[in-house]
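Letters are used for the chains, namely A, B, C, D, E and F, taken in the order the chains are written, and counting of residues starts over at 1 for each.
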Amino acid sequence: MSTSFAQQLFQKQAGVEPVPSNHRIAQWAMSLLCILFPEKAEYRYETPDAIDHQLAALQDELVSILNATKACHSCNNQEIAEAFFAQLPEVYALLNTDIDAIVAGDPAATNSFEVVRAYPGFQAISLYRLAHALYSLHVPLIPRILTEQAHAQTGIDIHPGATIGHHFFIDHGTGIVIGETTHIGNHVKLYQGVTLGALSVAKSMANSKRHPTVEDHAVIYSGATILGGETVIGHHSIIGGNVWLTKSVAPYSTVYHRPEIKVETQIQA
Amino acid sequence: MSTSFAQQLFQKQAGVEPVPSNHRIAQWAMSLLCILFPEKAEYRYETPDAIDHQLAALQDELVSILNATKACHSCNNQEIAEAFFAQLPEVYALLNTDIDAIVAGDPAATNSFEVVRAYPGFQAISLYRLAHALYSLHVPLIPRILTEQAHAQTGIDIHPGATIGHHFFIDHGTGIVIGETTHIGNHVKLYQGVTLGALSVAKSMANSKRHPTVEDHAVIYSGATILGGETVIGHHSIIGGNVWLTKSVAPYSTVYHRPEIKVETQIQA
Amino acid sequence: MSTSFAQQLFQKQAGVEPVPSNHRIAQWAMSLLCILFPEKAEYRYETPDAIDHQLAALQDELVSILNATKACHSCNNQEIAEAFFAQLPEVYALLNTDIDAIVAGDPAATNSFEVVRAYPGFQAISLYRLAHALYSLHVPLIPRILTEQAHAQTGIDIHPGATIGHHFFIDHGTGIVIGETTHIGNHVKLYQGVTLGALSVAKSMANSKRHPTVEDHAVIYSGATILGGETVIGHHSIIGGNVWLTKSVAPYSTVYHRPEIKVETQIQA
Amino acid sequence: MSTSFAQQLFQKQAGVEPVPSNHRIAQWAMSLLCILFPEKAEYRYETPDAIDHQLAALQDELVSILNATKACHSCNNQEIAEAFFAQLPEVYALLNTDIDAIVAGDPAATNSFEVVRAYPGFQAISLYRLAHALYSLHVPLIPRILTEQAHAQTGIDIHPGATIGHHFFIDHGTGIVIGETTHIGNHVKLYQGVTLGALSVAKSMANSKRHPTVEDHAVIYSGATILGGETVIGHHSIIGGNVWLTKSVAPYSTVYHRPEIKVETQIQA
Amino acid sequence: MSTSFAQQLFQKQAGVEPVPSNHRIAQWAMSLLCILFPEKAEYRYETPDAIDHQLAALQDELVSILNATKACHSCNNQEIAEAFFAQLPEVYALLNTDIDAIVAGDPAATNSFEVVRAYPGFQAISLYRLAHALYSLHVPLIPRILTEQAHAQTGIDIHPGATIGHHFFIDHGTGIVIGETTHIGNHVKLYQGVTLGALSVAKSMANSKRHPTVEDHAVIYSGATILGGETVIGHHSIIGGNVWLTKSVAPYSTVYHRPEIKVETQIQA
Amino acid sequence: MSTSFAQQLFQKQAGVEPVPSNHRIAQWAMSLLCILFPEKAEYRYETPDAIDHQLAALQDELVSILNATKACHSCNNQEIAEAFFAQLPEVYALLNTDIDAIVAGDPAATNSFEVVRAYPGFQAISLYRLAHALYSLHVPLIPRILTEQAHAQTGIDIHPGATIGHHFFIDHGTGIVIGETTHIGNHVKLYQGVTLGALSVAKSMANSKRHPTVEDHAVIYSGATILGGETVIGHHSIIGGNVWLTKSVAPYSTVYHRPEIKVETQIQA
C-alpha cells in the first residue's frame, strides 16, 4: 500500500550501516578538550585521580564509538583507543605551543584564556589535532566528522590527513582550506582565506601527494592560494596576500603581488 | 510608569506578525532530510508505510508552519504543501546526483556515507534544493530562513531563487555566494570562495536577472568572481582561481589569470 | 597514584579562573536582542512595564556575569551594567539604521522582518554593537566572546574594538574581517570577503592604530583587502572587488583592479 | 585488570536484553493522549487528515517499540499495533464516559477541561485503558511500565490486567490498588486508599482469579479494603470508608463499619 | 478522506480553548519559590534590586499566563497579578511559620534547610499557599493545576479552596486529602493518610461547606478520617490514628480508637 | 530603592549555604543504579574496565557533591566516597536479594527485568540502600534528598536511618512510612500503607529509638500501623491489614483485626 517513493527510501535505508551521530562524536571531543583546557569547562576536578578516571571513561567512550562505526569490521578498537590516549600528552603539548604562537603573534590577543575561549584558530587546530591522531591510526569517518565540526564552527577546513608542526598560528581563519596531503612545518602562520590545495582534482590522484609543503617559519597572508603537491614554500618565506602560487619558492623568499589598480577621483563641483 | 524606551519597543512589537522560529523551521527540514538520507538519522523505519506516514506528518507540519507565517494571508497552504511533497521524489533524485558528483569529483571522498554526513557542500545543496522548491511555490520567508541555516553551518550562501541543475559539485565551499537570479546548468563544479553575483546592486533591479548563467560542465575554481545578469559561462568552460569576470565566455573556454608575482629571496650570510 | 599527565592537567587547572560559559553569555545577548527585535522572539510582552522589568532582569544578569568573570577584580560591575543599559536606546537606534540600510541596499531583501530573521549581516552587526558598548566600558573577555559568537554563526569577524557609524550595510558577509582599531563612518557598505586589516602584526603594535579608516558613504566590494592604520578610504569612494590597497584614496575615488585574464577557447571538431 | 565486581556486573549485563526506555514508552503514550485530549496539548491539528497521519506515525512507533522489546520474539508486532489502534475509538469513548463520571460525581469539578488537565483519577484511568488494551493483546512489559508511570504520577496503582467498565470514577486516588484479576463493572466509584486485592499472595496463584469483582454502580469509600477472587460487591452497593471485606455482599447492600471511638475531654481549669 | 475517528477528534479539538501547559505553570511557581527560598535555588541574587526585578518579571509572567487562560474573559489580569504579588510577603511569612513548625515538630528534622529541600510536607504547603492566594482572587484552573502538581510530587492533595492558618505541620503526608471547604486553624499537625472530607459528594452541594473545621493546635494522626461540613475538631484536640469521625469534638478532646485485635501465636514444636 | 521585601529576601539569602541541586544528586544515584542494573540503562559497557572507570568517575562525582555540600566542613570527603564505593558490592548483593524476594512473592511479577524496570518497591529500596550507606558514613542532607526522591516517585517513605535486612519485599507500596530508628530483619514483606512509626513525636526524642523492630520473615499487610521504639514484631509473625499495634508480639504470631461491619441490603420492590 505504501508509495513507490517510500519503498525506494526503505530499500536504500537497509544498506546504510549505523554510525554514531555527529553530535555524539562532537560531544566526546568537546569533553576531552574540556579536560585538557579548563578554560572551556565549567567544572573543576577535585583530584588528579579524577582526571585520570575521566580520561579512562573517555577512552571507553571512544571504543564504544568505534565499535558502533560499522565501517571498520576488522579494527581492533581497544588498541586504537589505547594508542590514541597514549598520544594525548603529546597532542596536548603541541596545542600549548599553538596557544603560545597565537598569543605571541596577534597584537589583539590579551592572554591564553582569551585564545582558548574565543579564538576560532585555536578551536579549529584543537579539533584537527585530535582528528589527525585518529586518522593516523586509520580510523574511518570519525576524523573527518571532527574536522567538519571545526569547519562549521570556524570556517576553517583542515583535512585530518594534513600534517602540521608545532607553534601553528591561524588568525581569523574564515575560508582557510588545507588539503589532505599538505605538510606544514613548525612556527607557520596562516591568515584568513588561505588555500593550500591541489592543482588537479582527478579522482585517480587520491593516493598521491596533491597538496603543498610549507616549511618552518613561513607566513602566508590572507587570500593566498598555493597549489600542487610538489610546491614547496621554503622556510622563513613570506607569501603576500592574494598571491597565487603553483611553484616552489626558496627559503627566505618574499613573494608578493602588486596588482595594478586604477584610481579615478571625481571632482566635486 | 514605564520608560519611553520600553514604550517604544512595546509599540513596535505590536506591528510584528509572528513567524515560526528559525529553530522549528530548521527542525522540519532536518527531519525531512533524515528520512531521505538515513546516513544522517539514528532511527530506522520498520516498514515503507512508516516512511509514508512520517512524510505525511511532515507535510502537515509544513501546512502548520505556513499557516503560522502570517506573511501570506491568501496562500492556499494545503495546496502548497501538497505540491512541495509531490516534488520530493524529484528533489531526492537530484540530490543523489549531487552525491555522485562529489564522490566522483573529490579525491579525498571515500564514499557517499562520508559525503552525506561530513561534506558541507552536500549540506548546503540539500537545504538549498528544499528551499528552492518552496520558493518556486511562492512561499515567503521560509526558503530564505532555510538557506541562511545552510549558510550559517557551511559558509555557503545560495539564494533560494537560484536555479541549479543536476550533478552539482561544491568542495570546501566557505565563502561561496550564489545570487538570486543565477542559472547553473548540469555537472557544474564550484570551489570555495566563488561569487556568482550582481554587477550593480541597485534596489530597482530587484525584478531583473542580475546574476550570471553557468552552463553545463563548467568548472569554477576557488575565489573566482563572476558578475552580471548577462554574463554566460559557456558549457565545458574552466574558470581559473581568483579570476574576475564580467563578460561572457564561449563554450569550451579556459579563463585564467596569471598575476605577476615578485619573488625576492634573501641571501643568508 | 595518578599519572603524571593527570597531575600536569590538575596543576594547570588550579590557575584558571572561572568565567561564565560562552553559552550563558550568548544566551544573555540573545535574550536582549529578542526584546529589541520581536521578529526574533516567540513571546510578546503584555505591557511596556513588562519590557522594563525584563530589561532590569537582564541588567542584573549582566552584573552577575561580570562578577563571575574574575578577570576584572577592581571593576564596578553595577556601574558598568548601568552604563551599558543607559546606552541601549542609542544602540537600538543604530541597529534600526542598519536594518534600513540593508533593506534599501539589497535588491533581494523583501522587508525588515527578513533582514532581522535571516540576514547574517544584521546578526553580526547586532552582536558587534552590543560587544562594542561593553568594550568601550573596558569589560574584559565578554565583548570578544560575543563577536566570536557572531563570527561562528556568520563568518563575519568584527573586533569589538572597531568603531562603526550608522547605516552600516553588510551583504553575504562570509570572510569579512574588521580589525580592532578600524574606524568606519556612516552609510558604509561592505561585501563578502573584505579585509580591513593591519599591514604588520607585530605584538609591539598592540596599542597603536593598525587598521584603516573608512569614511562615510564608502562602498567596498567583495574580496577587497585594505590594510594599515594610516590608510584612509575617502568618503563616497568605491573600492572594487579584489582590490589590494595599502594607501589612502581621496574622497569620491573609484578604485578598481582590471586583472588581465586570458581566455583560450578550444575548437570542437 | 578490572575488579571482580566490574567483571560480575559485566557478565550480568550480557544477559539483559534491551527494552526501550520507560521515558520513550511514556512519551509515546503521552503523544497519543494529546491527540485524544487536546486539553493536554499545546498544538492544534490543521486538518482531520493531519490527525490520521499522526495516529499512523504513532502506530509505527508502537511497532518500533514492540520490535525493540526483545521479550517477545514470536509476536507479530505489526498485527498487534494494528489491533491496538483499531480499538482506539472504543478506548476513547470509554475515557469520555470516565470524564463525564468525574464531572458529575465531584462537586469540586468545574468542567471537563479541569478533569483532563488536573485530575489524577483521569490521568491514571487513561494510562490504564491504553495499557489494558495492550495487555489484552498479550504485549509483555509495556503495559506494566505504562501503569507504573501512572502510579508514580498519581499514587493510583491499577494493574493492566484488571477489567474496568465505563463511567469509572476515581477521586483523589492516592493509595488505590487494583489487582491483576479484578473485574469492575460500569458506573463504579472509588475513593482514595481503596484496595481491591488478593487474600493470599502465593506465587502458585499467578493464573487464578485472586482479586474481587465489583458490580455496576457500586461505590467504595476511602480506605476500604476488599480482598479475594470470589468476593463480589453486588451492584448498587455502597462500601463505607475503612471497611475490611473478604466476603461477597448482595446487590443494593450498604456496608459500614462503626468503629467505637473514645473521646476524653480535658477540663481546662 | 480522513477517518471518521479523526474527524470526531478534529471537531472536538475546535471547542477546546488553549490554556498554558501544566509545565509552564509549574515553572512559574518553582521560579517564585526559588526566590523566596534560596535553599531550592542554584543562583544567588547580586542585589536586593535584582530580586525586585525578578519578582516584577514573574508578575508579568503571571499576567501572561492568565491572559492565555481563556477560561476567564472578563478578568482584569493586571489587577489580579498585582493583588497576588501584594500578598506575597504575607504568604512568605506564613511559609516561614510552616518551616518552623516542621523543624520543631519532627525529631528527624535537623534544620530548616533540610525541610525546604527534602520535606514533602513543605513542598505541598508551599504550592498550596500560592494556589490559595490565586483561588481567593477567583483565578480559574491555575490554582488547581498547582495543587495537583504538589499532589503528584508528594501524594498530598490539598484543594486550593481550603483555608489553613499559620504553623501548619505535615509529616510524611502521602495520602492526605484536604477538601475544598475545609477550615484549618493555626498550629495544626497532620500525619500521612489523613482525610478531611465530605460526608456526601452530591454535585448539588458544590456551593455549601462540605468539609470539616479543625481548630488551633489540633493534632490528627495517620489514617484518621474526618468528614462533614459541620464537623468541628475543637482546639487542642488530638485525633488518634485511623479514627473515623463524622461528629464534632469539644476543645481539648482526645479521640482514639482501640480496635480489638487478636493475637494467635503458633507453638513451634 | 529596593522594596523592604526584597531586602528581607536578600539578607536571608546570604545565610544559605549552597548545596548541589536535588536534580544533580538524583542524577548521580540514577547513573550508579544504571551500572548496577543494566535493565534501567540504554547503554552497554564494552569491557569490565569500562565499568570500573565509570564507577571511579562516579566516586569522583560523589566527592565533588560532598565538597559542594557546605553542611559538613570537617568531613574527609575522599575517605567517605571511598568507603561508600567499597560497600557497593555488598549493597548490590542485597539489592539482588530484594529482586529475588519480589519475583518470588508477587504472583503478578513475571521476571526480574519487570521488577527492576516497573516495580516501585524496588525503586524505593534501591535508593534507600544507597542513602543508608551514605547515612552510615554520617553524610548530611544527601541521604535524605535521595530517599525523598524515592518517596516522590513511589509514595514510599523510608528514612535513610532505618536498617533493613536482605530479601526485603514491598508490594504496591504507596503510603508506606518507615521511621528513622526502625530495625527490619531479613525476608520481611510490607504491603501498601504500612506505617512503622513513633508513638510520640517529641523533639526531645531525636536521639532515642522511636520506631519498631520487625524480625525476620515477618509479613505486614496493607494499612497496618505499628508504633513505638520498644515494639518488636517477632520473627515469622503475620500482621493483618489495618491492624493498629503499639505492643510487641511474640515470634510466629498472627495478629488480626476483625472489625465488625454492618451490612444492610435494600430490598428492591
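Convention: contacts are C-beta pairs under 8 Å (C-beta built on N, C-alpha and C of every residue); 3 or more make two chains touch, one makes a residue touch a chain.
If you're wondering where the values come from, they're calculated on a predicted model, not measured in any experiment.
Any chain that touches subunit A and also touches subunit B is listed here: C.
One inter-chain figure worth recording: subunit A and subunit F are separated by 52 Å, centre to centre, where each centre is the mean of the chain's CA atoms. Our note on geometry: subunit B versus subunit F, Cα centroid distance of 58 Å, whole angstroms. Our note on geometry: subunit B versus subunit E, Cα centroid distance of 56 Å, whole angstroms.
Chain contacts: subunit D has residues 45, 47, 49, 155, 174-175, 193, 223, 242, 257, 259 touching two or more partner chains. Inter-chain contacts, as defined above, occur between A-B, A-C, A-F, B-C, B-D, C-E, D-E, D-F, E-F.
Of all residues in subunit F, those touching subunit A in their complex are 45-47, 49-50, 53-54, 56-57, 59-60, 63-64, 67, 78. Those residues of subunit F whose C-beta lies close enough to touch subunit E in the complex are 1-3, 5-10, 12-13, 16-19, 21-22, 71, 140-141, 144-145, 148, 151-152, 155, 157, 159, 161, 174-175, 177, 179-180, 193, 195, 197-198, 201-206, 210, 223, 225, 227, 236, 242-245, 249-259. Within the complex formed with subunit E, the subunit D residues making contact are 35-36, 38-39, 42, 44-45, 47-49, 51-52, 55, 88-89, 92, 104-108, 110, 113-114, 117-120, 153-155, 171-172, 174-175, 192-193, 222-223, 241-242, 257, 259-268.
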